[in-house]
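The following pair of complexes shares a single chain, chain A, combined with chain B in the former and chain C in the latter.
So, the complex of A and B:
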């Protein structure tokens, strides 16, 4: 068992009321007609050395959030502090330095690697862009990185199509590690992989985190994977965090009705567990046309009159470190203490 | 409601119903520039009415090709080399003409695929696509079939079905498209449903809705379902019997309770150990080393041996047969569990 108690607790990343809207149009000629609120007021911290698991279904804004934090996409408003830098307001030179500290690994290792570059060129590219080292030291560094992610240096001259999915993801990870980042944004890093390969990559990421003292924002739709990797869990729904808690607390006492439905819907690999699935009815509401009040009202089993009126429920603490965005917690969990 | 494994076992103690589908020794090959590869290599399985038979495996294990072979949908460069697919009262499907198979597909046997966007026709309204099967197989008139399509959409839980029937696939969400596929598959109340990764592209809450729908349809219409998936969780929740496939062959087959309580094949054990779960946190997962072998270059002997932690001398000598453990329905392809491994 890895001892996780000795990790420092200072936040490495602080996100405050972050928003990212996209303008949408109804058709070719009607011009801009509204805003799609992909990320709509997200606030959280990540402590140095921890893994924050970000779960949610497709379209909830989790990938957009990751991209805004990695500065792959501008924010609409809000504040993101990485260590002591306000990363939404950086000039070109300091932004380049920031990119060395925050790197991303993406879901599809086939789509995210240039098929015309060899593994060597792919992993070396960030070093060239950031003018790190000489030709010789870069070569040594790339070979080092290949070994670090469990690939043989002889593979350096192969092209992406010559690797399996798991190996390609290892190249993606090596490339992200080239500049010795502090924070990795892992966006569904194992979702495209077979179960047996998924386990290899999860193990590799855990080992790298310990060895290189990395901090992870681990984005996934898979609650089983998140339970294994995350120190804390944030659940996103329609652009907002609806619940945030420590791993054990979240899986033992999910409080938000959406989290409860998500957990109940997760098929467990044990045929002897008979569970009552909470079936959500209806599909997701339109992000460009949100209802008044709580965004989950149309699918919630515990909806009351208050949920349909403005304002939206705030993300409030139910116990230290456990935040939930719901008006009806006292009715849904009558025995639980809320403070 | 979910049929539990113990109920299934109780039921199987009385005279079992004759199988609805019996696949024997099915072998399907594909010719490629690099050589001929055997995607399915002697697969046998049998399904009873009202039963969910799970086929689990990783990419390249041959599980989809098995379903396509049963449906008679293998096209060049693929071909079915040997075997038989007996459908009760209809004989061997592999000997049927294309015309006969067209009558059977969509009527007696239906299939749902992983990605409903690619299996629905983008230029036809979804109501029309559902009605097509009814006009073809039930000789309904256009208005009759259209009316029935609306009813089917309602049955699979699509709100305002009359309006939705007039929409095109791209106007529907992923979950709704998969429900349209199920409505289409269920149009003629087939006795056999082949479901190839039916929920893999869907979110977990939508997956729960679709699985629930499949169980309802099975319980009400008594259809048998061949459920293909890579997800052991879905298998545990849905199936009564399970076959684990690897590189074209069945490695292990058992009642679902037996498979999860007593996985005998090292590959099955490896698959189950690879799944992250609550108590694995902070520990390394027991991953299976290596990758799925290239079907053109299978190792000699057991095809799993170069990844297997229990590999020993007999494994290199010969491929183990699928051996039935005495007194059970549990079958396993491994020399560890065979009475006479090669010396």
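So, the complex of A and C:
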């Protein structure tokens, strides 16, 4: 199990009202076009040394959020502070320095490695771009990194297709670690792997976090994986965070109807435990044409008149550190003390 | 925690040992058809390179007493043409011109087309619009008409003919490379390269071009065959090489008038063109298989 004690509390990353819209056009001839609100007003902190798990179904904007934070795509508006740097407004040089501090690991361990480069060239590339060391010291460093992620240095001259999926993901992790980053954006790092290999990679990531004092933004659609790795959990729905809480609190006491539905779908290892599955009905709203009020109204079992009118419910604290975006918490959880 | 990582490393290392990678040639050799293609190409290259060193007769020495002599005539192994010039010698010397012109034209077309394709496919926007529409304009003209127009402007001759056929083949490369750039620029490894701070040049050449290389090699080899036909066609029309120098195209053109009396005067250069083009095409296919690392060791 992962040790969750002794984590420092200073935020390393502060995201404030971050938005990322994509423009969509209705076709070649009609002039009208809309905006697809992939990330729509996201606010959260990540503390140094912790793992924030970001869950949500596909298309909810979690990967877009990760990519905006890693400066792989521009933001539409909002503010992202990494340590004391406003990372959305950096010039060329300071952006390069930031890239050394924030690195990403991608979902598909094959697509994210250039098939024409050897493991050595792949891991060395960030060092060359950032002009780190000499040829000899870089060589030693790459071999160190290979050992760090559990690969033999003799594998260095092989091409990605000569490795298994898990090994390729280890190369991706070694490459992300090459510049000694502080924050790793792990974008579904184990989703493309077999379950047995998932456990290996998760354990490797946990071990690296302890050893190298890394902070993780762990993006996944798998609540089981998130429960295992995350210190805190953020649930995303339609471009917004709908619930944010500590790991134990979230899994024991989910408040948002969406989180409750997601958790009820999580398989339990004991077949004798009966559980009420909450099935979601209704369709996802169109991200380019959102309804007034709460975004979850079309699928929510507890929907009320207030949910269908502007404004949207705010992300409000129900207890210290536990934020939920819902109007009807008192009705859904009678007896629970809410503000 | 440490025993977990020990177990992990063990698992990670348990992958099957993969035999050392073979050289390009060893991989190419396994493909018989491409080996044959390479052999044909090698013959034409040998002909071109060895012409000055072999005891061949002067390719331009006219001897009307032996004009149109048949294959096997003593002193003229492959016979003579309508002016009594030795066909074998002319084939060897003609190979130099034909191959040089097509190789140079292909290289010009490839480099220009590749750069245009990379830039338009990567930067998109107005850059792409300008380049792609220019390429479209070139493609809108019938292929040979455009080459003839260029020659009409520049005047006939070896160099101008080369430039003309190079220009009309630029769209071929630009389109292919733009297409592969468009898909590669969206790939995760390009995103990863951006994430580590790689500049445009590095992404374009180390990531996109490197992964378009097998496409480019195949396109180049096949285009070479095409260029040989184009160069021969220009010469055939008298717009390429100017007399007395001659390549396979001009030989074909002059032999045409004696097709029934002395067919070998045209089918020998025709055969040379055919086999060389075939050779380049077969070699191109084989190279594609050999250059793709995913095809290795399988």
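We take it that the second predicted complex is superposed on the first by the 333 of 339 C-alpha atoms of A that agree within 3 Å, B and C clash if a C-alpha of one lies under 4 Å from a C-alpha of the other, contacts with A are read in each partner's own complex, and residues count from 1 in each chain.
Basically, contacts are C-beta pairs under 8 Å (C-beta built on N, C-alpha and C of every residue); 3 or more make two chains touch, one makes a residue touch a chain.
Computed from a predicted structure; not experimentally measured.
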{"item": "Chain B versus chain C as contact partner of A:271, first or second or both or neither", "value": "first"}
{"item": "Chain B versus chain C as contact partner of A:58, first or second or both or neither", "value": "first"}
{"item": "Touched partner set for A:96, first chain B, second chain C, both or neither", "value": "second"}
{"item": "Partner chain in contact with A:38 - chain B first, chain C second, else both or neither", "value": "neither"}
{"item": "First, second, both or neither for A:112, with chain B first and chain C second", "value": "second"}
{"item": "Which of chain B and chain C A:202 touches, first, second, both or neither", "value": "first"}
{"item": "First, second, both or neither for A:228, with chain B first and chain C second", "value": "first"}
{"item": "Partner chain in contact with A:262 - chain B first, chain C second, else both or neither", "value": "first"}
{"item": "Partner chain(s) touched by A:159 [first = chain B, second = chain C, both, neither]", "value": "second"}
{"item": "Intersection of chain A interface sets (partners chain B, chain C)", "value": "164, 166-167, 200, 203, 207"}
{"item": "List of chain A residues in touch with chain C within their complex", "value": "67, 70-72, 95-96, 99-100, 103-104, 106-108, 111-117, 125-126, 129-130, 150-152, 158-159, 161-164, 166-167, 170, 172, 175, 179, 200, 203-204, 207, 210"}
{"item": "Chain A partner contacts - residues on chain C that touch it in the complex", "value": "1, 4-5, 8-9, 11-13, 15, 18, 187-189, 191-199, 202, 206-207, 210-211, 213, 293-294, 296"}
{"item": "Chain B contact footprint on chain A (complex, rising order)", "value": "1-2, 4, 57-58, 164, 166-167, 194-200, 202-203, 206-207, 221, 223-225, 227-229, 247, 251, 261-262, 264-274, 277, 279-280, 282-284"}
{"item": "Complex contact set, residues of chain B against chain A", "value": "2, 4-5, 58-59, 159, 173-176, 203-209, 211-212, 230-237, 256-257, 260, 270-278, 280-289, 291-292"}
